[in-house]
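Here chain A shows up in two complexes: once beside chain B, once beside chain C.
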Partner chain A sequence: MPRPGFVLDVDRSTPPTLFWHGEGFRLEKLPADRSRVIYAPEPHDAIDDVDGAIRTALLHPIDMDPLPSLLFPGMKLTIAFDDVSLPLPKMRRPDLRQRIIEQVLTMAADAGVDDVHLIAALALHRRMHEFELRHALGDRVYDAFEPRGLLFQHDAEDPDNLAFLGTTDQGEEIEINKRAAESDLLIYVNINLVAMDGGWKSTAVGLASYRSLRHHHNPTTMEASHSFMDQHASELHKSTWRMGKVMRDHGPKVFQIETTLNTDTFPQPFEFLAKREWEWNAKDRALYLASAKALAKAPPRTARKIFHGIEAPHQMTSIQCGEVEAVHKVTTQNVYDQQLVEVEGQTDILMLGIPYICPYNVNSIMNPILVMCTGLGYFFNLYRGKPLVREGGVVILTHPTTNEFHPVHHPSYIDFFEEVLADTTDPHVMSQKWEQQYAEDDWYRHLYRTTNAYHGVHPFYMWYWGSHGMKHVGKVIIVGGDAATVRKLGFTPASTMNDALEIASDTVGRHPTITHMKTPPLMIADVK
Partner chain B sequence: MKALQVSRSVPKLGMARLASAVSPLAAAKLGPLAYTTVDEPELPGPGWHRVHTRLAGICGSDLSLVEGHASLYFDDVVSFPFVPGHEVVGELDDGTRVILEPVLGHEARGFAPPFEGAAPGDGDDYSHLSTGALEPGIQTGFCCSTGGGWAPTFVAHESQLHRIGDMPDERAVLVEPFAGGIHAALLAAPVVAARQDTTRPAVVAVLGAGTMGLAAIAGLRRYVPDVEIIVGARYPHQQMLAKAYGADVVVGPDGLQRAVRRATGCHLIGDHLSSGAHVTIDAVGTSATVADSLRITRPRGRVVLLGMPAEVTVDLTGLWHRETELKGAYTYGTEHLPDGRTARTFDLAIETATAVEAERLLSATYPLSDHVDAIAHAATAGRRGAVKIAFDMRTGDT
Partner chain C sequence: MVDRNLQRAQRVAGAAEDAVRRAAMPLRNFGFPYRTPTVPRGVEVPPEVSGLGAHYDTEWARRPLASSVRTMIIEGPIRLTARVLTSPEIVGTDRLADLTSLDDPPPVIFAPNHHSHLDTGLMIRSVPLAWRHKLVVAAAADYFFDKKWKAALSALSLNAIPIDREVTGRTSSDLVKSLIDDGYSLVIYPEGGRSPDGWGQDFKGGAAYLSARTGAPVVPVFIDGTGAIFGKGMKRPKPGRTKVVFGAALRADEGESTRRFNARIQAAVTTLGDEAITDFWTARQRAATGTNPPLTGPEHTGWRRDWALAERRKLGTAGLRRRQQRRWPDLG
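Moving on to the complex of A and B:
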């Protein structure tokens, strides 16, 4: 029986806690009697017969007819799927998307459907590399579709292949992939890693254009999303759900397939990363020491290669299909069942170790913008109820935060860092002053459409993700980061955790309460 | 008198060249520059004055000479041994304070000027540089007949002198490099005026923000309207000064190409911008900066070489394909301003140096006897947080 999440009150006998630090780790001894560490729940049991569960779900959808009954000869069928940003780390082969799509294609073939397109739902993310598509879809599907020109990566900048579906009652425009919009059936294959994923966000975001996305990917909406992990308190989700209503009334019929994973995140020899430190055995300690020392000595490129080569052992814990909202309700509950940890009250200081990866640097570099986004956008928002840190409190991140960018994947990030952050770190100001220029920059558009670059506006969206966190906290400190880079983000650098606590004392006093949320593995703090 | 003098010594030039790879200090010690006793130069004739140096700056061209990097091109237009120093403020025998316009033009050599009212740098025939009343020499500071500013006394022709009233010495010593920078800035003006799209400012990129780069920035801002000035400056103090002198965007050298791309909205194709700056002013003058300038300048744009390049190795395929104009910017003369005025560059420089309080660029002064330290300081000015280094002879202690 997997153990639930756990909140450890730190006392003098508590061993040092492991913090993520990019492509490395650090051990920190937290102050006794006023610190606590939140550990993720242990991985739930996976479904043994994954293929059987998929088939059962397709044949017994929620609030919709079985998939085979929706398929007919001569129909236009489009299968959209989550892109490389999910799951994290990438899962071992065969990827769930492959297993699901193969079964869907078998049913389509049985029904005589021969007009089938596959679309990677990129939104404004980068196009996937061939090896990434092969990993997600499997060689059989890739080789059957790609050479025949039936495997697409959504192009949010292709005016000829976008369809305008209408506006919400609040004036939000919905423009999505034309092929998807004009299909007799749009099947969406999702991997719901966190509670934020899925639902109408899959289609109304993943297949949308900038014209559509700007209505919710903006500082006002993001700032008012408390949090992204709680659909009912998230303005982002409310907006996409309004768009979903328009899609339901004027768009294609959507057959939503959602899956959840357990939190079995790290394979050997990194399994100690998911263990609680006081339960480390001699082997765990040795592995920690060996890997920490080796990684510290390895060139960054080598360390990055090692980490991005990790294939997670996480396994499917549920699959549900059918009507979007009904499906997503079940999915969200399953995510909560796995990830929620009850936490009593807020804290003065929230400590977050930032790992090597986030959804936007798979096989890439965790650049400074993404460090900010991961800390204040993603991890800060891993709560339901109230933020873990009190208003005006301090967030301490640990990460090397070097001034390093992937030139192919993140070209506009480089300019954003150099130009926009030199001017302002205020999300509202930058959205007014700079966003349009970047969104419409012809070179970024060209790179997004033809290479593997994120859209020109993407770094703005990353910054906006953190707007709620930035507004909520009084100070952000990054331990171990490059000082000039950290300052450019508008944050305060600190060499050591003790320095960080000393700096934080200006904001929260000499004896603050401290909470370290040790993630990944992923969890959601249910703050009472 | 005790002065600094450069002699023609091939071994010493070679030693300096080798030593400069190790340290500027070593180059100054081993090179052709010597602190020695020299005779005061004779007045060559009527119209000549004796000038007593107050401050004399150390320029990039002086450094390349001391470090043995000067081009063989100069062999026939300089005369050894000579006293360097062409950025000079001094005083005449009657106590009048003057700035030197160092170019040894037609009048100084006893020839008629190329046109009435010409400045020493004007003209399109340089035969006078090695003929006439003086030994060869492009400027005071490279001619054995006149001496130079790195000595307590030298001689200068009336055509070379600008009387400066109460301008402080520390500002006056910057006028000469400012004139050079302004001249380069004004070479951008025709391209800016001739651009097709006048709905947006023309983009002028400046590589380097030492004294000359900063002077070019100040000149662009003051005399060339409707330009967006984008500067690549290595050091924080240079970046701050570039901004203060009127740059719109200041980035590190590595960020210049991207900054120009952002401003012009073009693409980056390989290592060249698809379009780029209308004009790029290279105020450094190395193979790398010339190549960078060609990469960031738009097709049919202009690259102005302000920094003295000496020998460089550059792939000119891009220049050929993009029909880029490569334009030298040597010293100063008579300028035609975009507003229709005609003016001597030195007059514009005096005006500009006053407006921007150029004296803040003067970081340190040394007596001549500390020339080794002074040269080393000047050669590493950027990384030591300095801009201009000068010799100070006001106390009589050389």
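Moving on to the complex of A and C:
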């Protein structure tokens, strides 16, 4: 029986706590009697017969007819799937998308469907490399569809392949992939790692264009999303659900397939990362010492390669398919069942260890903008109810935060860092002053469409993700980060955790309460 | 004193002379018990129960010492031979991920097509590690177990067990059942023997029957290319490339007869065969319409079958001999 999440009140006998620090770790002794550490729930039991569960779900969808009865000869079938940003870290082969798509294709073949397209739902993300597509889809599907030109990566800047579906009652335009829009059936294959994913966000965001995305990817909407993990309190989700309504009325028939994973995140020899420190045995301690020392000595490139090579053992805990909203309701509940941890009250200081990965640097570099996005955009928003930190409190992040960017994946991030952040760190100001210029830049557009670059506007969106966090807290401190880079982000650098607490005392006083959310593994704090 | 020494020397010389004479004596001069006894007249000797063929007892080959030796043979010479001669590409093992990820994977029955003696070595080297070292191979009792040295070599190196092709008896199936109950997986060639002409043969019901009897699922496997490397009738192997395609495990449906299940296994291997030369989607589409190219080849006779076989071998990379590979650019 897996144990639920746990909130530890730190006392003097509590061992030092493990903090993520990019491609490394640090152990920090937290002040006794006023600190607490939140540990994620242990992984739920996975489904043993995954293929059987997929087949059963496809034959018994929610509020829709069984998939085989929706397939007929001569139809246009489009299968869209989540891109490289899910799951994190990448899962061991065979990936769930491969397993599901193979079964869908088998049913399509049985029904005599010839016209099938596969589309990676990238939105404004970078195009996937061949090895990433092979990992997600498996060699069989890749080798069958790519050489025929039937495997696509969504291009949000291709005017000939976008279809305008209409406008919501609040004036939001919906423009999505033309092939998907004109299909007799659009099947979306999703992996729900967190409660934010899935639902109408899959199709209305993943297959959309900039024209459509700007209506919810903006500072005003993001600031009003409390949080992204709670669909009913998230303006982002309300906007995509309004778009979903237009899609339902004017778009293709959507057959949504959603899956949930357990939190079994780290394989050997990194299993100790998911264990509570006082339960580390001699082997765990030896592995920690060996890996921490080796990673500290290793060149950053090598350390990055080791970490990005990790294939998580996480496994499927549920699959449901059918009508989008009905499916997503079940999915969200399953995610909550795995990830929710009850936490009593807010805190003055929230500590977050930032790991080597976020959805936007898979096989890439965690640049300073992504550090901010992961800390204040993702981890800060891992709550339901109230934020873990009180309004005006302090967030302390731990990450090396070097001035390093992946030139192929993140070209516009480099200019954003040098040009936009030199001018302002206010999301609203940059949105007004700079966003359009980057979004419509021909060179960034060319790189996005033809290479593996994120769209020109993407760094803005990353910055907006953190806008709720930035507005809510009084100060952000990064421990162990490159001082000049941290200052450029508008944050305060600190060499050690004690320094950071000293700096924080200006904002929250001499005896603040402290909470460390030890993630990953992922969790959602249900703050009462 | 001198006499005594002389006598001792004479005794030693005599013994040595005796030993030399005995060693130089032809074998035929030794009698019983060095040779088989002669039979008295009028006495009929009852026929000895043969310990060969289907009756060969392979139990010794599964003991720890023999297993250790076999592990060395499999990971050494067999692996090397398979690699040098067949350069295999192994695909589809991910279809078995649900089984291999278990702490104790259940025994399964691998049912590949059969073109060459190389198939067994290739299979042993290709099956996922979870099953590799607890694997027995069904081998023809009349071919591999007809002589003691062949039987011992097959049992030791391949963990082969004798299966009677001529007579339908319970000996073989009882043995397989007890082995599967002990956790051993089985490789059995449902075609019953190597292909005589490079095309496959219709499946006999062995795998389906054993699956129904033991409850172990059948994993269809298609091996492409070994026929061109060392097919039946070839005097020496010609190294080339091969492809081993694993399919998803199959179980007999409730109430499904052995014959129908056998047809399903053959259809699955046929689809994998199509997948090996085309791709997953084409093979699935053809399977849905029953138009996968049959394993048994076209219904022509004579040279047209050979002609069609050559055409088929051209379709896949597997089986192409290295020496035939194009080494210059295609200028159209």
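By our rule, the second predicted complex is superposed on the first by the 528 of 528 C-alpha atoms of A that agree within 3 Å, B and C clash if a C-alpha of one lies under 4 Å from a C-alpha of the other, contacts with A are read in each partner's own complex, and residues count from 1 in each chain.
Here is the rule we go by: a residue touches a chain if its C-beta (ideal position, glycine included) is under 8 Å from a C-beta of that chain, and two chains touch if they have at least 3 such contacts.
On a predicted model such as this, the values are computed, not experimentally measured, just so you know.
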| item | value |
| --- | --- |
| Combined model on chain A: chain C and chain B, fit or clash | fit |
| Partner chain(s) touched by A:Ala109 [first = chain B, second = chain C, both, neither] | second |
| Contacts of A:Ala483 with chain B and chain C, given as first, second, both or neither | neither |
| First, second, both or neither for A:Pro94, with chain B first and chain C second | second |
| Chain A residues touched by each partner, larger count belonging to chain B or chain C | C |
| Touched partner set for A:Asp442, first chain B, second chain C, both or neither | first |
| Touched partner set for A:Ala290, first chain B, second chain C, both or neither | neither |
| Where the C-alpha centre of chain A sits as vertex, the angle toward chain B and chain C in the overlay (nearest 10 degrees) | 110 |
| First, second, both or neither for A:Asp48, with chain B first and chain C second | second |
| Which superposed partner A:Glu419 touches (first chain B, second chain C, both, neither) | first |
| Where chain B and chain C come nearest after superposition, their Cα distance in Å | 29 |
| Overlap of chain C and chain B interfaces on chain A (superposed complexes) | none |
| Residue numbers on chain C that touch chain A, as the complex places them | 91-92, 94-95, 97-98, 102, 248, 275, 279-282, 284-285, 287-289 |
| Of chain B, residues touching chain A in the complex | 249, 251, 255, 258-259, 261-262, 265-268 |
| Chain A to chain B touching residues, read off their complex | 414-415, 418-419, 441-443, 446 |
| Sites on chain A touched by chain C in the complex | 48-51, 93-94, 98, 102, 105-106, 109-112, 114, 116, 138-141, 143-145, 147 |
